[in-house]
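In what follows, a structure is listed as structure tokens, so that the remarks can point back to it.
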Amino acid sequence: MTHSRTVELEGHIIDSGTMQRCFGAVMDLGGSFDVERFDVGKHETEESYCRLTVSADDPETLRDILHELHQNGAVLEDPSEVDLVAAPADRVVPPDFYSTTNHPTEVLYDGEWIAVERIEMDCALVVDPDPAADAGEGNRADASRGEDGSPRAYTKTLNAVEEGDLVATDQSGIRVNPPERPRSGGGAFGFMQGGVSAERPSESTIREVAEELRAVKDEGGNVMVVAGPAVIHSGAGDALADLVAAGYVDALSAGNGFATHDLERSIYGTSLGMNVETLEHPRKGHKHHIWTISEIIRAGGIEAAVEDGVVTEGVMYECVRNDVDTVLAGSIRDDGPLPDTITDAVEAQDAIREQAHEADIVIMLATLLHSVAVGNCLPSTTKTVCVDINPATVTQLLDRGSAQAIGMVTDIGTFVPTLAEFVLGDDA
Amino acid sequence: MTHSRTVELEGHIIDSGTMQRCFGAVMDLGGSFDVERFDVGKHETEESYCRLTVSADDPETLRDILHELHQNGAVLEDPSEVDLVAAPADRVVPPDFYSTTNHPTEVLYDGEWIAVERIEMDCALVVDPDPAADAGEGNRADASRGEDGSPRAYTKTLNAVEEGDLVATDQSGIRVNPPERPRSGGGAFGFMQGGVSAERPSESTIREVAEELRAVKDEGGNVMVVAGPAVIHSGAGDALADLVAAGYVDALSAGNGFATHDLERSIYGTSLGMNVETLEHPRKGHKHHIWTISEIIRAGGIEAAVEDGVVTEGVMYECVRNDVDTVLAGSIRDDGPLPDTITDAVEAQDAIREQAHEADIVIMLATLLHSVAVGNCLPSTTKTVCVDINPATVTQLLDRGSAQAIGMVTDIGTFVPTLAEFVLGDDA
Amino acid sequence: MTHSRTVELEGHIIDSGTMQRCFGAVMDLGGSFDVERFDVGKHETEESYCRLTVSADDPETLRDILHELHQNGAVLEDPSEVDLVAAPADRVVPPDFYSTTNHPTEVLYDGEWIAVERIEMDCALVVDPDPAADAGEGNRADASRGEDGSPRAYTKTLNAVEEGDLVATDQSGIRVNPPERPRSGGGAFGFMQGGVSAERPSESTIREVAEELRAVKDEGGNVMVVAGPAVIHSGAGDALADLVAAGYVDALSAGNGFATHDLERSIYGTSLGMNVETLEHPRKGHKHHIWTISEIIRAGGIEAAVEDGVVTEGVMYECVRNDVDTVLAGSIRDDGPLPDTITDAVEAQDAIREQAHEADIVIMLATLLHSVAVGNCLPSTTKTVCVDINPATVTQLLDRGSAQAIGMVTDIGTFVPTLAEFVLGDDA
Amino acid sequence: MTHSRTVELEGHIIDSGTMQRCFGAVMDLGGSFDVERFDVGKHETEESYCRLTVSADDPETLRDILHELHQNGAVLEDPSEVDLVAAPADRVVPPDFYSTTNHPTEVLYDGEWIAVERIEMDCALVVDPDPAADAGEGNRADASRGEDGSPRAYTKTLNAVEEGDLVATDQSGIRVNPPERPRSGGGAFGFMQGGVSAERPSESTIREVAEELRAVKDEGGNVMVVAGPAVIHSGAGDALADLVAAGYVDALSAGNGFATHDLERSIYGTSLGMNVETLEHPRKGHKHHIWTISEIIRAGGIEAAVEDGVVTEGVMYECVRNDVDTVLAGSIRDDGPLPDTITDAVEAQDAIREQAHEADIVIMLATLLHSVAVGNCLPSTTKTVCVDINPATVTQLLDRGSAQAIGMVTDIGTFVPTLAEFVLGDDA
């Protein structure tokens, strides 16, 4: 017996690759399709429309196919309301709960399509019928919205689900809007391109990143920088500090190692014991690293160390002075850690999540761990720039599927100074 | 003033990504399009048809756009005959000569679409109106074909073009047929997938390669192996020799280094002076490598060394014994070289070209140089398997755009033994 | 004015590279030396002795030089007692506190050289004059020792230092014993070799690891495995589970991702939604991953899920069944996390530290984060095997300076099955 | 029965690591040693002396040990004359011929130690008793030397050996002088350091390379640049052209691909069809690459194309204009090739050899193939700088054992412009 459903797709579904992916998914999963109507956009600005019926030999296969089509933006021809089930306990979701994508999403609730807030992948989707009755906080929707009492929908990590939350199950009444290919060229920002070619001109690409950064700031946007310790080892700390001082960084997401190396540079003039300018004394056993941590503990934290004059330059110094929203997330490889480091992973994730949801562009500099953590919290609509010397790292970060991403396999030690020069120009 | 042309596309142009690429190219290059007709294949087995008019503000842009569409299979609505110009001298092609893709191609000559022989990218396309009058050789079409005197078309490298050859110019009268997405799943063979994910199960993927290898041999197909010296260093020589001995390798394309390491193993039991089994004596200054070359020179070549009993095992030994079509191509980093090594790059390329054109599947093992050389000669329809520890190498090889390719980032030293075990099974 | 001190070195100081490093350090740092006596060991089993006076133009340079020599095992000719200062507050160490190396270390206290317990680098060194009066816990010395009331010395991370702890400062009265080159060949285990050559035979090297693993178990030793999620993606989970089931793994140190992938494999037969055997359905949006976490939360943890029959195979299953000491350390990129994951980095580090101090051999499988975390806690005398596809990861791990380490750049997906086959042989 | 020989070593044999390697080799190979005398240099400027007797159970082991010691500079206590055997035929060397290292070497002939000319590893060592009687050519000693008729010694590749050449066998009467650790710090140039750490400050390291480059030119030295096509793709062509124009490059060693990309840039303003400044039109099928080759063939070569005004800028243009000694070596992956490309590997190697023997410093830019080819011809005393984005490439190049080498894992597209800026400064 054949099981069938009819779905609809519309938009720039040909050149965005949507139709290719949908047809491919049906064939890969062993189903078949019947195109009932296909109106192609006659010009590049006109949208297309497709209605097709997909069939499979068993309901499980059909369900898998519909799941794939759903994620590519297909909607059932005659959508029913979202199916909500109350969470039986804190952190426990109903079986068959809906797991979000990182694309803009809507739910059909009470006859209306409501936009889902705080879009992020791999979360539960919670609907709050009466937000006014609720003083939601933390992993919840913005307090500033929904004051009119109309229902709201937002994502919640499994960890944040509370008993009684109305959690969406299955995928009925949920509509995903994957990003479409922009009508005009994105320059160095590729559209949904997973691969990374090394065969691109480096300085021209950095120039495009610089122009994008200036454009975002000109529009009052939020720039988030994610930085690994290699930024400091490689001697790029001064250039990043310059960008912070000039107001080009709104949020910094890093780890204990990054901060310690940067602070060591300010206190002792070295990084891992090596003088970054003269290349002298590169010795393994040097104690500056652990002494730096000890000094900051003694001062009572980074801000106090800046106030006390213990720290007088560098990225952390400029972040304190310029009120940059800074999150130092702990990890199991940390020395110390510094008193400022958030050692609990869930707490740190929540802090990163707040930063990520504010960002208009994220610049990921030579850190896989922190970049993945941030990337996990980003909607597909946020611009991202991923820079690493290891092509596998860049590939992994681009694979997340940001609609507008630049991946560069380059040396962070020359990238940041060149970027700073292009961004700051004569002001530097 | 607007310049326009109308082109047609047909086939599985949606799920093969053709339409996406064509629409994208028009937009990227600053043109616009007008879809005049679009008949979508209703089922997965039905082909689609599209007629569209593309426009641009100047003839150069239109030409660039048409070039892109042409390479994706678009044909001018009312195609004219191929435009041939005689080569003015040996190795000199007419300005604006047509440079081939690696896809199956036809030319419209004398009212008929003729299939182009010896498909290979970046070549000139030569039409021979009267093959019978010609005793073509070398970089020319097969002598065994075209005996009826009907016109023929084939590719020629720039280097092989002779004065008077009729060389296609522009792209009129030329039709390219890019590979289409296969209707049934290709298993581990991805369709036109450039990127390489490391997140695939290794042994299962090797099992698929083994099954493909057996399938090709079962159908009487030709298996070509391209191997770098790391196959021997890594201890995988015995496994490759087993595959050769069992008849699974029809052609071997390698270099002087590969052969020397393999022969050292047979003569001295070492590779670069290290005993591959016991890991003893890994010393840089060891003389076995250069002594091996000297021994083979003394013997008069590899075949003579096998006959004389100087070489008694290994990959080269099995290739001699099993009449495997072997090409050792020289390079500037060679020691020696061995007398069997073809030191002229053009001559070596021609020998590789002959192998590549015969191959039904090509297994590329841990060599960028030889794999690229072979890949340059392959039509997009030949199956390829690329194995290397360096993801950038695998990415570069897959970027060529074989329609059916498996890329694996893995250790050649465990890959080949595992493959041999899966292929040979109980016979081993 | 010249500042000078006289130091002594003894042992296999020539072939272990000690003299080379010491002479080099003096010259690099701008000092000079005067060899007062040098008795070279006449045979390979005889130790050498060197007394030299080092001089520098200023006390800071002399101090830096002495620091380097100290770390290489040099002792001041006439050593004074260790210089102890009480920690002024919790987590606050005295200025100029001594930061430990990962080599066996002794302190001269009350006229006796006492061995420092729990050797680990970048820690404070605490002396407890009267252990009997102290119910030491956590980051402190073993409760089972020092019952006789004799003074003890141990390492403490900065984080664990408590007000009043007697912390060693400067380096007087402290003696470091760096590992010496073993008199008989270490086979695949290189002595202090930082670099990683890809030119080693893979299967022979894996065979050496297997023999070492069996030897450690035959002697009743403790085997610690550090594993990343790629072990599961790459299809190597079954082989690792076999090693656990056969008793070859005493401790497992991993993260939330590793455990989740392994559990998904047991519950749904997939890894990241892909069937690891058939390679079917490799789709990004698959929900198995997040559903797995939800199932384990619902069950109340991994052990409960095993007891309830929710999880019936895999690495985590075998760890529960075989009472393997398992630590799942959280990180900011975790989904969920699982209830078993330790989310606080400091707490997780302490748990890892306990495992690391017990281990006789550590096998690091395809994880940089967890391997570095473990490596930070290891004395230089623990054997380590580091396996990763990325050469930079292997280099970084070997750089720590374990005296006996094997680094392999290979595919974890073929490494673990091959290792299991060599270890388990006919028993498998 | 024990077999023994006594050898002597002298020089900075402790801090250069010589003693460590010699003692290690004896133990690794299963022998034993007896130090008969050891005079250690009391100060850093004084040399040491060691006489030791090595013993083994069989003559083969003793021979292997002596071979290792020999390569580290040990000389038999009472050396005999070099043992010469006439080559029986062209390219055929006597069995047991001596294979050279890349270290300065002398032979004891007719009672005198003669310095071996044209030092290069893996060659035969030929002695010419009467050079005056000989009109040496090609792979032979310099015609300008030995005019006094005194005997001379030089290296010859196997390929260049002629019937009757007097070839050294065994290692008697041959003395190797491995480089010693320089007495004063080599800055960024490490002494015999194989490994490559990414944890170095990029711009400071580039500054050291720039200073070295200026220093070599100030002393009238010869700078050789080895460049891969990525230099052009990455947009660094202009910067390299600037260095050539300013006289900082005496020799360029590259391939057909490098030259073609550079020429395409001059003729069409693109690289692989992409406009390097605007990043527009990055399309695979672009014909500029093959058209460029065709244009140069038509012009009759690069020099003719420059003279005809076909090529008006770029690296090749500046090389022609500044009479830079340029070698384009062919390879099997070449398109075309250009008429200037030397397609025979042996002929190309000889041309590279001439360049390499002249060089005082070699800068290797993003090419493994050409860098290895050049590296094979270099004595260990030539300074080398190896730059590549792939750490494995840099490691492989440094492993050759140049006494003074800098390895940088960085992006060639930012390295060359930064280097040019530091070298040319205000002149640029």
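Chains: A, B, C and D, in written order; residue numbering restarts at 1 for each.
Just so it is clear, a contact is a pair of C-beta atoms (placed from the backbone, for glycine too) under 8 Å apart; a residue touches a chain by one contact, two chains touch by 3 or more.
Computed from a predicted structure; not experimentally measured.
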item: Superposition rotation for chain B onto chain C, Cα-based, multiple of 5°; value: 180
item: Most remote chain, CA-based centroid, reference being chain A; value: D
item: Whole-Å gap between the CA centroids of chain A and chain D; value: 47
item: Distance from the mean Cα position of chain B to that of chain A, given in whole angstrom; value: 39
item: Shared-contact residues (touching 2 or more other chains) in chain A; value: 28, 198, 392
item: Chain D residues touching chain B - in the complex, by the definition given at the top; value: 25, 28-29, 64, 67-68, 71, 91-93, 95, 97, 99, 101, 122, 158-159, 281, 283-285, 287, 289-291, 293-294, 297-298, 329-337, 341, 343-349, 352, 368-370, 372-373, 376, 390, 392, 401
item: Of all residues in chain A, those that touch chain B in their complex; value: 14-17, 19-20, 23-24, 26-28, 32-35, 38, 40-44, 50, 181, 183-185, 194-198, 391-392, 395, 399
item: Complex contact set, residues of chain B against chain C; value: 187-188, 198-206, 208, 230, 233-236, 271-272, 274, 276-279, 282, 389, 409-415, 417-418
